[in-house]
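First comes the structure, then the notes that go with it.
Note that the chains are named A, B and C in the order they appear, and that numbering of residues resets to 1 at the start of each chain.
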Amino acid sequence: MQKSNAGLVSRSFAVLAKDIRLEFRSRYAINAILMFGITSLAVVSFSVGQSSLPPVLMAAVFWIVMFFSAVSGLAQVFIREEEAGTSLVLKLNGPAEPVYLGKLFFNFLLLSTMSMIITPLFFMFTDAPTDGVVAFLAILLLGVIGLCAATTLVAAVIAKAAIKGALFAVLSFPILVPLLLPVVNATEIVFDGGAFIDISAHLQFLLAYAVIMIVGSLLLFRFVWEE
Amino acid sequence: MYRITVENGAKRFGPRKVFADINFDLKTGESLAIVGRNGAGKSTLLLCLLRQYLLTKGTLKYFENEKELENDSLKGRIGFVSPYLNFYTQLSAEENIRFIATVKGVNVTGKEIDSLLSKVGLEGRGADLVAEYSSGMYQRLKYAVAIMDNPPFLFLDEPTSNLDSDGKGIVTQIVEEHRAKSIIVIATNEQEEYSLAEKQCRVGQ
Amino acid sequence: MWWKILLFVGMSAMIVLSFTTLAPQKQIGESSRIFYYHIPQAWICVIAFAMSMVFSIRYLMTKKIKEDDKASEAARLGFIFCLLATITGSIFAKVTWGSFWNWDPRETSIFVLLLIYGAYFSLRGAVEVEEKRAALSAVYSIFAFVTVPFLIFVVPRLVPSLHPADSVVDQNLKFTMGPTIRMIFFSSLALFTALFLWMFDIGRRMHRVRRRLAESEA
């Protein structure tokens, strides 16, 4: 058997492929996250009825649904390893960073799949204006990246704690406040008829936030994974 | 030439003492049996050797040609068989081996996987999900993974648990095959298993 | 010992002076005296959090459990001072603004700080094994601290609705500090810092004693 000098990319990709395969065979995380999103959207729609929401509330509703869907499903990818006791075999055989990157990308795929289904439903339910849809999608993409960047490390932390579910939301929220405030604000501007240029500062900030959270996570992850 | 040394190793969890005064020094070609009654801390000692737990006191060092091995370069060098080790039950045996090989950074061909599986008596079962395996087959699969790239260190915790006499024969054969090229550490409380190793280290009273 | 007496005398003198000299801000009047207490508390809240982060990094580097004791002790005191700063700030807001809470950027950031501390202690409560608890909470405290600059410097610029241009707090920061006020303020800052370090030292030693006791019993 040869040493293959497998690099960071191929190892991360192996972790990702393994998690996708497991997900297809169990559909644990995607079901949880999707049902959470749809249910909470439906609840909002029921309670609002025929009256239309002002832009600021529409933006808030959308991101509240996104936040809680994220914390309902994004920890699964680590909890699965801890509960099945499979993390040991990963830890013994390879470095930590590919595990983080694989799981980060898995969470990104999970949350973007979910938002691709949730977003059309949201526009149907709330009658949000669709003029600025490109700007909206840009915010959504960076928001999803930021959500995953900040919560994947927290997911690894809570997977090792005793009460996982509640703890994930509690630990994630304070870290996500700097993301949620501008993201809601930018969405509101778009719903209010704002143009791309009005939110460009927000988008830059969201990008910076995601980059810093990913770099921070990469530096810290091994201390969680290998403690 | 590899070497592993433990000096005055001691471990406690909070106030609870698990073991103390563990000393050994092993070179490639040597083997050690860790013995002691149930709960004496054999498995904990193995997990300390694997750097999954920190020793509370004492030192643990790995060497390659008298040069100390860092934690990172130790990754993938230790073959480990243990009741604590789990594979992905929703993947097939083959998928598990392939995945672990990529994480380790080794290339495996389909042929090599077949020969690994037949060595542990699992020929023809590589495509089955691990969830469908019996506990004895699961234990055999652990050997296939542990020896896939002839690791310089081979740590076996309760090596023959769940195995039939045929499986025990396979374990003996694997240990004999790796005796010359690896450092073998066996944690056990069964007489016939510690005869597999030359040296002994007692944990607990 | 001598410095503890000095601290006691100094603290008493500071308290007396803070109530007997002229109010530091004429427009706001008597209630502006809270300034002598509120700002040192907020200052210690940040210092404690930064200390907790430094000890957390040191724990991850050395894996010595005493670093974790220090990190958690600093966080515990930081939480207390953060709570005090929130309460005093809220009282001040009521008097000058007319309501206890307005989601001004400063209020938002101190609220998030409280949440981070709260999350930190929930996490510690949820992990039994000491080494694991230390590593996980250290990582969380470092990671959370990374987001704080965003919150304090960037978000207020982006989210205008939260940042009233005529922020009363901002005007108040431009205290025309006469020599007396300056003297009281800076001695209060120094005294609170000394008090905090003393409390920190006691807490740290208590952790050590507790650990020794547990070990000798076992």
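One rule holds for everything that comes next: a contact is a pair of C-beta atoms (placed from the backbone, for glycine too) under 8 Å apart; a residue touches a chain by one contact, two chains touch by 3 or more.
Only a predicted model underlies this, so the values are computations on that prediction, with no experimental measurement involved.
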item	value
Of all other chains, the one whose Cα centre sits farthest from chain A	B
Most central chain, Cα average position	A
Whole-Å separation of chain centres (CA-atom averages), chain B against chain C	49
Whole-Å gap between the CA centroids of chain A and chain C	31
Chain centre separation in whole Å, for chain B relative to chain A (CA means)	37
Chain C residues counted as touching two or more neighbouring chains	131
Residue ranges of chain B in contact with chain A within the complex	50-52, 72, 75-76, 78, 80, 84-91, 95, 99-108, 112, 145, 148-150
Contacting residues of chain B [partner chain C, same complex]	12-17, 53-54
Chain C - residues contacting chain A, complex	60, 108, 112, 115-116, 118-119, 122-123, 126-128, 131-132, 135-136, 138-140, 142-144, 146-147, 150-151, 154-155, 158-159, 161-162
Complex contacts: residues of chain A adjacent to chain B	1-6, 10-11, 14-15, 18, 21-22, 25-26, 84-86, 88-95, 98, 226
Residues of chain C defined as touching chain B within the complex	63, 129-131, 214-215, 217-218
